[in-house]
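Shared between the two complexes below is chain A, which pairs with chain B and chain C, respectively.
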Partner chain A sequence: MSSAEVVLYEKKPLPAKLTLIGLALLAIGGALAGIGFTSDSVRASYNLIIVFMWLFSIGFGSLFLIALEHIVGADWSVPFRRITEILAGVVFIVPIVAIPLFINLDQVFVWINPQVLEADKYIKGKAPYLNQDFFVIRNAVIFGLMILFFILLSVRSFKQDVNKNPKASKTSAKLAAIFLPIFAISISVVAMDWLMSLEPKWFSTIFGVYYFAGSVLSTLSILTIIVILLVENGYLSKYINEDHYYNLGALMFAFTNFWAYIAFSQFLLIWYANIPDETLWYMDRSNGAWMIMSLGIIFVRFGIPYLALVTRPSKSNPFRLKIIATWVFLAHYYDLYWVIMPEYAKRNGVDGPVFGLTELSAPFIVVGAVIVVLALLSKGKNLMPVGDPKFKRSLEFHL
Partner chain B sequence: MDNKILHSISAIFNTPDEITHAAKEIVKAGYKKFDIHTPYPVHGMDGAMKLKRSPLGYFAFALGATGAVLALLLMWSTMVVSYPNNIGGKPLFPLPAFVPVTFEVTVLLASVATVTSMIIVFFRFPNNSHPLHDTNYMKKVSSDKYGAIIESDDPNFNFDSVKELFEKLGSKDVEPIYYDEDELSVKHNLFDPKFITGLAIIAVTISGITYFALNKMMFMEPFNWMMKQQKLSAQSPSTFFKDGFSMREVVAGTVAKGKMPYLYPDSIDLADKFMVNPLDVNEQNLSIGKAKYNTYCSPCHDYNGNGNARLNGQFPNPPSLHTDKVRNWKDGHIFHIITMGQNTMPSYAQQINETERWQIITYIRALQRALNAKEEDMK
Partner chain C sequence: MSIELTHEPSVIAGKPSLKQIDASIIKPMNEVPNKKFFMAITLTLTMLSIGAVSLGMSFYRGLGLWGVNNPVGWGFAIINFVFWVGIGHAGTLISAILYLFRQKWRTGIARFAEGMTIFAVMTAGIFPLIHVGRPWLAGYLFPYPNQHSLWVNFTSPLLWDVFAVSTYFTVSFVFWYIGLVPDFATMRDRLSNSTAVDKIKKTIYSVLSLGWRFSNRHWSHYEMMYLVLAGFATPLVLSVHTIVSFDFAVSIMPGWHTTIFPPYFVAGAVFSGFAMVQNALIIIRKVFDLEYIITLDTLEKMNKIIIVTGLMVGYAYGMEFFIAWYSGHEVESFAFLNRAFGPYAWAYWIMVSCNVIAPQFFWFKKLRTNIPFMFVVAVLVNVGMWFERFVITVTSLSRDYLPSSWAYYTPTIYDFGILIGSFGWFFTLLLIFTRTMPVVSIAEVKAVVDGAQPSHHGIGHSTGEGH
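On to the complex of A and B.
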């Protein structure tokens, strides 16, 4: 690659029908959710939280991966950074999904109900934080910050393709340093607001980290799937080699272990201390069939991905990595379902997990939204950050 | 030179690209026993050398699994078999609490045992020399050059063809490497007495110095707030009260909560008159009565109550319990004697609680009946 004539990347627009595929998936998901909404609007609202949190994972998680790369100065992930930057465009979908939830907040959050507040002094004691006005304001602020940092991190990188300004990368690193603390606080707030406050009596200080670990996994897995599919169909540089894949797999492996570490730490302390305020959340998840799901999450989220990713070939072989990434991506759905739906079951007299057309809508909406964002935002852009000063070096990356 | 034995032929290269190319060519030429030495890990070298995957991972896995099993067995045998204590209402084998320990032991055994087995199996401990040591070749490749060797026991080895190959690959510095005489004559044995003695001396010295340093030179109590606290010690005067007692005596006539004091300490007649044995004659009462009698009464009264017991001679013999006088005493009379004592017999109120006194009386009645059975008992 010493001669300047070598073409590292040739611009090739994504096929036009991709938008149609994405819209079709969105339409199927929307139709399923609509059928669910007419029959049981409460259940549909809980499912919308799953969709919302899943999309939030991908949008905010992408911004995190971009910031991580800038701040540590990583080489290997530069070829994929454009895909991550485009994926971060999901932040525009997240507020749209949140609007119906904001309208129906009282359907899912019991702390809004004045009768519950009167009856329970513990929930009333949390009212200074858990009240509807503050809830809407702080979440709106977080959505605003997400879009602001999408412009600061992604859009500036899109422009770098044209102006080739190497200083832009340095500014990005500084912006990433500002973004990361904001990210850490925001994702904890969102996890507490939308997941933990479903059971307002329960609290766990590590819960934000738990959701963060799952978020990064879901972002990494969808990124891996998209990258491998694009390389297989010749939309990215042919210089992407197995060591690039190896690093994607290794990061996924690391976060799989990190998730298990956090999830187990949360469980161990609560189980050991055995205080009713803290155990109730796990008690809700160990009744009857929920117990099977709770034991299942150990294998779905940790055991199987761990064994699948532990060997070196499984990380560097794109075909195997693609399958494992799909599993990890859907495991995030399992995780969110396990966190959210027991609260629905408890408050609405449903015994055990339910899975119907309403629940089936979530993966369709999420995958459809990701494809639509990918198709629309990639229009007229390079799919690799050709203006990045590290671009050539990153393609020569070897372990 | 002639009597030396050839180990290998070495070649020095100047750039990482050259050495990667050389490795590929050596593989292509069909050599199996060769090695590459570089000052830092060169990317893609294992692919160029066509190295197989190291089996060390399987070693580590097996040892780690052993560690996990050992940790669980240890916790199971201590917490379930040897000391089954209820801790915080948890099950005897609380798996979540054991996960961190199991994890630690797994990692510990896997890492320590892998390094140890690597040293012993692959490095052939305690052999510590290799023909490449102290050669110019090794000096160069550990600073800024890249080197390759082909060993002489390779089946395709031929001095001239190897030298030719290296020179063709562009090496300006091709040198044969010979065994040292020591390496061939001296053989190290793991169980060599000198070696074992040396290890033992090192172990004793180090542990001795450690012991002396930690326990004598710089001993610090890990925490002393339990030992050095202000407290009252039994059998020693206290400065807290003027009379030197460590606590106040109870007010006369105080009755402990839930305890009924003995009602007739002064009058055996009243005891005779009003006290009745409240217990049934059954196997449980008799067996407890027997145990208590054998413990507290039998040293003087003997196991069967005839008064000629193992303390005979040191104390005056008590009267037999089988006389008509004793046989006709009411239960309350005996209860009074156990509670208050009689003649040389002291009070047993501290040692034997009320229920047990009645159980002993039941047992004494059985003893008396045994030596003086009635006609109907024979049925």
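On to the complex of A and C.
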């Protein structure tokens, strides 16, 4: 084979100004959040949960996508895997965001308040699980596991660029198998702790799956945006073709449907049984202007992405895919806002959704953090997994 | 054996010629069945007869012969219904969802698995009909304007079942039939008009093949149709078992009303369905000498799906238990403690050991590729999944809100007779299927043999660089 002479990928470092852009966005977001904290620290804390859960989605979701590729032996996603591996570096930012929240847990979680515990026997009954110490410990363990698997999945892959060891791919598949059950439990615990327990009376067995579906969507969408931008500017291989994009779009389409399925199942069962302890969560989201947001989520998260992605060209045309992915990425913000902020409104006598400078901080911080991680972690590295034995074959992928 | 990562491994062992593929798949249909076949079908027909007698008795004397009573009004009939609908799910997952995922290893097993779907849904459909007590009135389940102004209850998930299952059956049947058309044509073409029997067979296959001529245009329509039907069948897989789960979950019965039921039921259905397909295929590939098409690698991949879906089911068990405690509601916590430690604890622990513990052995490649071992695990999974439905249905009902009405449900010999009969019915259909239609898609297998696909020549050839 003469293919050895073909240059599949040429290493080209990302522009230095990228770090500055990321830091600038982070600074704007941080400043907005800071202003928020000085004027209304409770509201700012709720917003910080949005940031936290969004970043957790991306960091943990990236590890999930890497593991998924290894375990099913996918070819098409190999060219993008390095970006996912770098994106997984967001797991280092997640604990940093969590620290201010850990300090102010009582501002958002009513189950810490002893008076609430005394007044409500149901919340009191949950104390063995919902207490400050256990909450901090189990979340810290999950952060540790995230970083551990970043080392096991991402860092091992970085090294494969140099050592070209094909056995490393097989080990990764085994590690991925170990990771996935841990991932399933961890993401459910995080979803229940940080989102479900905002209303400690409410419970839903599907809630972990609900957050998982949204997390994968947000990871896939940011990955799609980054990949398309990098290819367009010549940082990745020129052999990435529209069939590669098609798969990113198709996966996004599949998870859009999956999210709708899970969200609908949860809603229908609670609505149909009509038990006050369960319906209260939806009641909080149907008062006044919240109802508009609740109806809106059907279109924002499902209707529009569904129609936008259902045709074949929309999945393989990079320009269209870029726009849809941006929409899907921001729809995760809408979803998190819809899950988190009604709890703020209810407990602080606010009527309907609020959107001010404080709320604006979340997208700035998240996008800034992603850019910074991308710029810093990609330094000196290839942007494609050139040591992967499937690398050439994956670039030759056709539907 | 090391796995070659730079090239996609072939899903068919060896390099069989096209003729060889035709011959080995069609062989069972051209010869007189052997003694083993007659023994097998005698067994299944006996089982079927047991079921027919039990059912006849039930109609003659009334459903009082069954174990159902207050408070357990849903007994074996609903358990068997859910079990058999679940068995059907693997077929659609293999033939439709794996097709959308472009998994080539599905080609060897898709046809057979989909046949199982059809027979399983046919088996499942019997149970709601007989459970209504007067099956001749079941026509009223379909909403139509009638002179009595009688309408069905549109808010009942039991009615949604009627729509979901009948749609699922129709689409699965059409999908299966479309796939069979080119194979019927192959069989038609291989038959001569020499003997009277061949003549009859040829006529039947000619009619069934709908004038298929293997033309380019036929193929391009076929591919399009197949893709569209796969797209239709995929949401149907989810919707059918979702609606089956709604039968339970929309109620306010402790242990039934929990939001994870829809995905949990779908995962469980795929889990048990794969186990059943695994059991049947292990026998089929051996008896029909199809080991080069249904390779050990394919079986291993199926085992991987069994462990994944098994873990999903395990996740749901755990989550249900946790939330039952977390909800703080006494009846919820009681329902789950009652499952694990109440009078039906034996059923619960059979379920947990078969569904959660047994598949864990598949973590090890040695066990995953050991055929007798995987056969045993697949049987256990089927047992476990039947017990799962038993646990869900019976434990919640037998100890409901009113302790004075609690009662222990004991199935009668007629219940078991009908259960045995359902297996007899299913396997009889399956045996007839193996003798009359190709159990492996001839056309699709030919398309995945090494060298059958158009080559893109790879980077460096197509671009002209590097020459």
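Note that the second predicted complex is superposed on the first by the 397 of 399 C-alpha atoms of A that agree within 3 Å, B and C clash if a C-alpha of one lies under 4 Å from a C-alpha of the other, contacts with A are read in each partner's own complex, and residues count from 1 in each chain.
To be clear about the criterion, a residue touches a chain if its C-beta (ideal position, glycine included) is under 8 Å from a C-beta of that chain, and two chains touch if they have at least 3 such contacts.
Fair warning: this is a prediction, and the values are worked out from it, not measured in the lab.
> Looking at the combined model built on chain A, do chain B and chain C fit side by side or clash?
clash
> For A:I28 in the superposed arrangement: first (chain B), second (chain C), both or neither?
Neither chain B nor chain C is touched by A:I28.
> Could you look at A:K121 and tell me whether it touches chain B, chain C, both or neither (first, second, both, neither)?
The answer is second: A:K121 touches chain C but not chain B.
> Look at A:L105 in the shared chain and tell me whether it touches chain B only, chain C only, both, or neither; answer first, second, both or neither.
So A:L105 meets neither chain B nor chain C here.
> Based on the superposed arrangement, let me know which partner A:I206 touches: chain B (first), chain C (second), both, or neither?
After superposing on A, A:I206 lies in contact with chain C but is clear of chain B.
> Between chain C and chain B, which one touches more residues of chain A when both complexes sit on the common chain A?
C
> Touch check for A:Y272: first (chain B), second (chain C), both, or neither?
It touches chain B and chain C both.
> For A:L8, using the defined touch cut-off, is the partner it touches chain B, chain C, both, or neither? Pick first, second, both or neither.
Once the two structures are laid over each other on A, A:L8 reaches chain C alone.
> Output check: A:K392 vs chain B and chain C. Expected answer is one of first, second, both, neither. What do you get?
Once the two structures are laid over each other on A, A:K392 reaches chain C alone.
> From the superposed pair, tell me which chain A residues show up as contacts to chain B and also as contacts to chain C.
268, 272, 398-399
> Across the complex, what residues on chain A touch chain B?
The contact residues of chain A facing chain B are 264, 267-268, 271-272, 274, 312, 398-399.
> Which positions of chain A touch chain C when the two form their complex?
Those in contact with chain C are residues 1-6, 8, 75, 121-123, 125-126, 129, 166, 169-170, 177, 181, 184-185, 188, 203-209, 239, 257, 261-262, 265-266, 268-270, 272-273, 275, 277, 389-390, 392-393, 395-396, 398-399.
> What does chain C use to touch chain A in their complex?
For this pair, the touching residues of chain C are 3, 5-8, 102, 235, 238, 242, 246, 249-252, 257-263, 311, 315-316, 319-320, 323, 326-329, 363, 456, 458-461, 463, 465-467.
> Over in the complex, which chain B residues touch chain A? Could you list them?
Its residues touching chain A are 43-44, 53, 88-90, 96-97, 99-100.
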